[in-house]
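First subunit A sits with subunit B, and in the next complex the same chain sits with subunit C.
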Partner chain A sequence: MEKLREIAGELLKSNDVKVVIGYTKGMNNKVTPFFAKKQEDIAKLICGNSCAQNLAVYLYKKDISDLGKPAIVANIHTLRGIMRLAVEKQIDKKEMIILAIDNAGDIQKLDNLSDLENYLSSVIPQLNEEDQQMLDELNRMTPGERMVFWKQEMKKCIKCYACRQACPLCYCTRCTVEENQPQWIPVASSVVGNLEWHMMRAMHLSGRCVECGQCGKVCPVNIPIHLLPVRIAQEMKTLYGTSTGISLSEKCDMSTFKPDDKENFIG
Partner chain B sequence: MNHQFKLLRKESYSGLIGNLLKSQQVYGPVKQEGYTYYKRISYPDEITEDYIIPQMSAKSFVFPKIEKLFSFVKSKDGVRVEDKNLDTIPKKVIFGVRPCDATGIHNLSAIFLWEPEDSIFKKRREQTTIISFACSSADDYCFCTSLGGGPGNTAGSDIQLIKTGTNDYLAEIITPKGAEIVSSNPGLFEDVDSVEKEKYLVRLPVCFDDSELEDKITDAFDTAIFDDLSMKCVGCGACAFICPVCGCFDIQDETKGSMGQRVRIWDSCGLRQFTLHTSGHNPRDTQGARYRQRLMHKFSYMPDRLGVKGCVGCGRCSRACPVEINIHENLQQITKLVKIHKHE
Partner chain C sequence: MEFEPKIVAFVCNWCTYAGADLTGTGRMKYAPNVKIIRFPCTGRIDFMLLVKAFSNGADGIIVSGCHPNDCHYTSGNFHARRRWIVFRALLDFMGIDIERITFTWVSAAEGAKWAEIVNTTVDKIKGIGPYTAYQEMINEAWEEE
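And then the complex of A and B:
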């Protein structure tokens, strides 16, 4: 924590960065995103295992971009989010400093995307145990049982879009679900509409999801919605052997093709 | 206000729910995978008393997330429109509503029954009986007392049950609808002499002066405080949808072939699209402007125009916020404003 504050303090002092995007302790001891803009804010910055949110979502928010060049405190989820956003040309031109923090709490200052790529080359993405258990449970179900499970979960959905808004890869400024003339999928939060919305989001994230699980963590009605995109990410790994948010040269597997691709899944 | 009190012994409690189940739909707080929701019950013992507040508020009983307004069919002769048949709205009794949620329905009525009255809301309100449970516990997010509410607040309730030291219940009879339940279950309620309701309620400190809040927030309109408070906001609608008083809605036509229905669905001023014009211009283009609207509506416009606040201090929005924006903390900050920092 001291080292983070030291580095962040120096960055703000040198006027190289205008804001440090990080975490602080909020009311009721909850960890909450924090934007350190002045020297006196530095003491409020914290880091540690409870700082789990993916902060990459703030890199393309206009209010925050307007502040100037940022430094961003980045756990593995945020790092992969940043990498993927860069791959998708959302922040590839953006000047920023990345303060990468590993599980042991060690901090490394990364000045650009190649530094980030180097850093990530030694990281093996791993799903947390709880999520893996839930996925195993879902995998054991028959398709019919899984449909029952998800339909039951979808009844709770209130279409607040916390999942979408908290996801760094859901950066579309206009989402299909908000189109109402015509309605591509029902705008109202009916079971069918909810199911269609979450299926659409999961498909749209296939080959793009960085498996941070943020969408599930933020759901106000506790739907483990991250299991859909995360499950597809695992499928992508099996099919193409690729992971996301790791390398600058990675592609979007679902929108890339080769003339000699097998087509044995048709018919 | 001097309400009449009766004693409902623990042995009679299930009997009361059982009797109500015979004549109408009964809902109550039910545990589901560790979380509590207001759900329809078939047996008295489905109701839990082990909860602070349910995940979702009770507003959906009067303002459901999807409300059909009318249906329409297009034919060669024109379009036939059929209003929602209000007689299809069933009688319901909701057990175990927290006083904050009951107050939420009371405050929501000020919006929907403002001229012209919303006939669907009105009918739902009439058909719904609320039997609230006074609070004997609270958590770090509860702050109803700072907004003039309290763990034994009776606004919006027809009967309030207060659990006593002997696990019996004091029944405070608040409305004629509540009195009717008591009179139609004569064997279950006993007379009671002295009532010390307060001693069974949780003590929740008052953290700010709500009249000061209204003055300060109204003055703060042109300041940067709302931008600061909402900088971390990701712009979802979780706070509004789980709020017991947020009443804003969207209208959508859902069609299939030549027929369809017009529905009213929950909406939120926190969503970018809420004020987006057809031209592409958005008068509330930043999250700060949207958060200002959210707070001003609840703590300035509603008290000014309707005489009720748009917040009951349940703390649900803070519990649900993906980025831990805490409304209680924000309101305390606003009441502490002395000399306001103006936009540059």
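And then the complex of A and C:
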């Protein structure tokens, strides 16, 4: 924590960066995103294992990007988010400093995307235990049981779109869920409509989701909605051996193909 | 009364639609349960359209286009194939009955294959029964209003 504050303080003082995107203790002692702009803010920055959110989304939110060059405190989720955003040409390559923090709490300052690529090359992306357990459990169920599970979850969804807002890769300014010519998804919350909405979101994130789980973390009614895009990401790994948000040269599995792609269901 | 499944077929213009035409001009009989929707190419068949078919009461779906390497636009069906692979995995994970979707390639010369695909799909869906699990979900939304 001290080291982070020291580096962040230096960066702000030298006027090299205008804002440090990080975490602080918010209401009810919950960890919340924080934007340090002045020296006084530095003491509020925190880090540690509870700082698990993916902050990459703030790199392109206008309120923040308008402030000027940012430094960003980055756990593995944020790092992969930044990398994937760079691959999809959504962030400016030069104008950012990344303060990478590993599980042990060690901080490394990365000045550009090739530094980031180097850093990520030694990281093996791994799903957290809880998510893996939930996935295993769902995979063990029969399709009928899975439908009951998701139906119950979809009933809870209030279509607040927090999942979409929090996801670094849901950056489209016009989302299909709001299209009304034609209207793909009914506006009101309904079981089938919600099912279609989340199915669509998961498909649009296929080959792109960085498995951070952020969409599930922010859901106000606790739907583990991240399991859908994450399940696809795992499928991609098995099918095409690819991970996302790791390297500058990666592509999107869904915009490419191999003439000999294997399947066992087309007759 | 025997259950007559509603089947929606999403086919590409250049192979399967022409193939289905050949079934007709060849005077081959097949089950009348299928409603064919013609697309320029399998690459244009958005996954959402398949879901919409279920949401509008379909019991089964057929998706078909040109065989690999025969796409009129060279690679539409290769892209479509990847999309189907991934989409099918997602549907399965969400508990949607993937047995109700028949994916196949039918060329413009395969009129007989088209008849067979439709017939076997209709028989299969007759065996599994109407997709009440999904249709109940649609009604559920209505009841709640």
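The criterion applied here is as follows: the second predicted complex is superposed on the first by the 255 of 267 C-alpha atoms of A that agree within 3 Å, B and C clash if a C-alpha of one lies under 4 Å from a C-alpha of the other, contacts with A are read in each partner's own complex, and residues count from 1 in each chain.
The working rule: a contact is a pair of C-beta atoms (placed from the backbone, for glycine too) under 8 Å apart; a residue touches a chain by one contact, two chains touch by 3 or more.
Quick caveat: nothing in here was measured; it's all calculated off a predicted structure.
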Joint occupancy of subunit A by subunit B and subunit C, clash or fit: fit
Touched partner set for A:190, first subunit B, second subunit C, both or neither: both
Touching partner for A:231 - first (subunit B), second (subunit C), both, neither: second
Touched partner set for A:162, first subunit B, second subunit C, both or neither: first
Touched partner set for A:104, first subunit B, second subunit C, both or neither: neither
Subunit A as apex of subunit B and subunit C, Cα-centre angle in degrees (nearest 10): 90
First (subunit B), second (subunit C), both or neither touched by A:34: first
Touched partner set for A:220, first subunit B, second subunit C, both or neither: first
Shortest CA-CA distance in Å separating subunit B from subunit C in the superposed model: 5
Subunit C-contacting residues of subunit A that also contact subunit B: 188, 190
Residues of subunit A touching subunit B in the complex: 26-28, 30-35, 53, 57-58, 61-64, 158-162, 164-166, 178, 180, 183, 186-190, 214, 217-218, 220-222
Contacting residues of subunit A [partner subunit C, same complex]: 138-139, 141, 143-151, 176, 184, 188, 190-193, 195-196, 199-200, 202-203, 206-207, 228, 231-232, 235-236, 239, 253-259, 261, 263, 265-267
Footprint of subunit A on subunit B - complex, ascending: 33, 35, 55-56, 65-66, 140-141, 227, 231-232, 234-238, 240-242, 250, 252, 254, 263, 265-266, 268, 271, 273, 286-288, 318, 320, 322-326, 328-329
In the complex with subunit A, residue positions of subunit C that touch it: 47-48, 51-52, 55, 68-69, 75, 78-79, 81-98, 102-105, 117, 133-134, 137-138, 140-141, 144-145
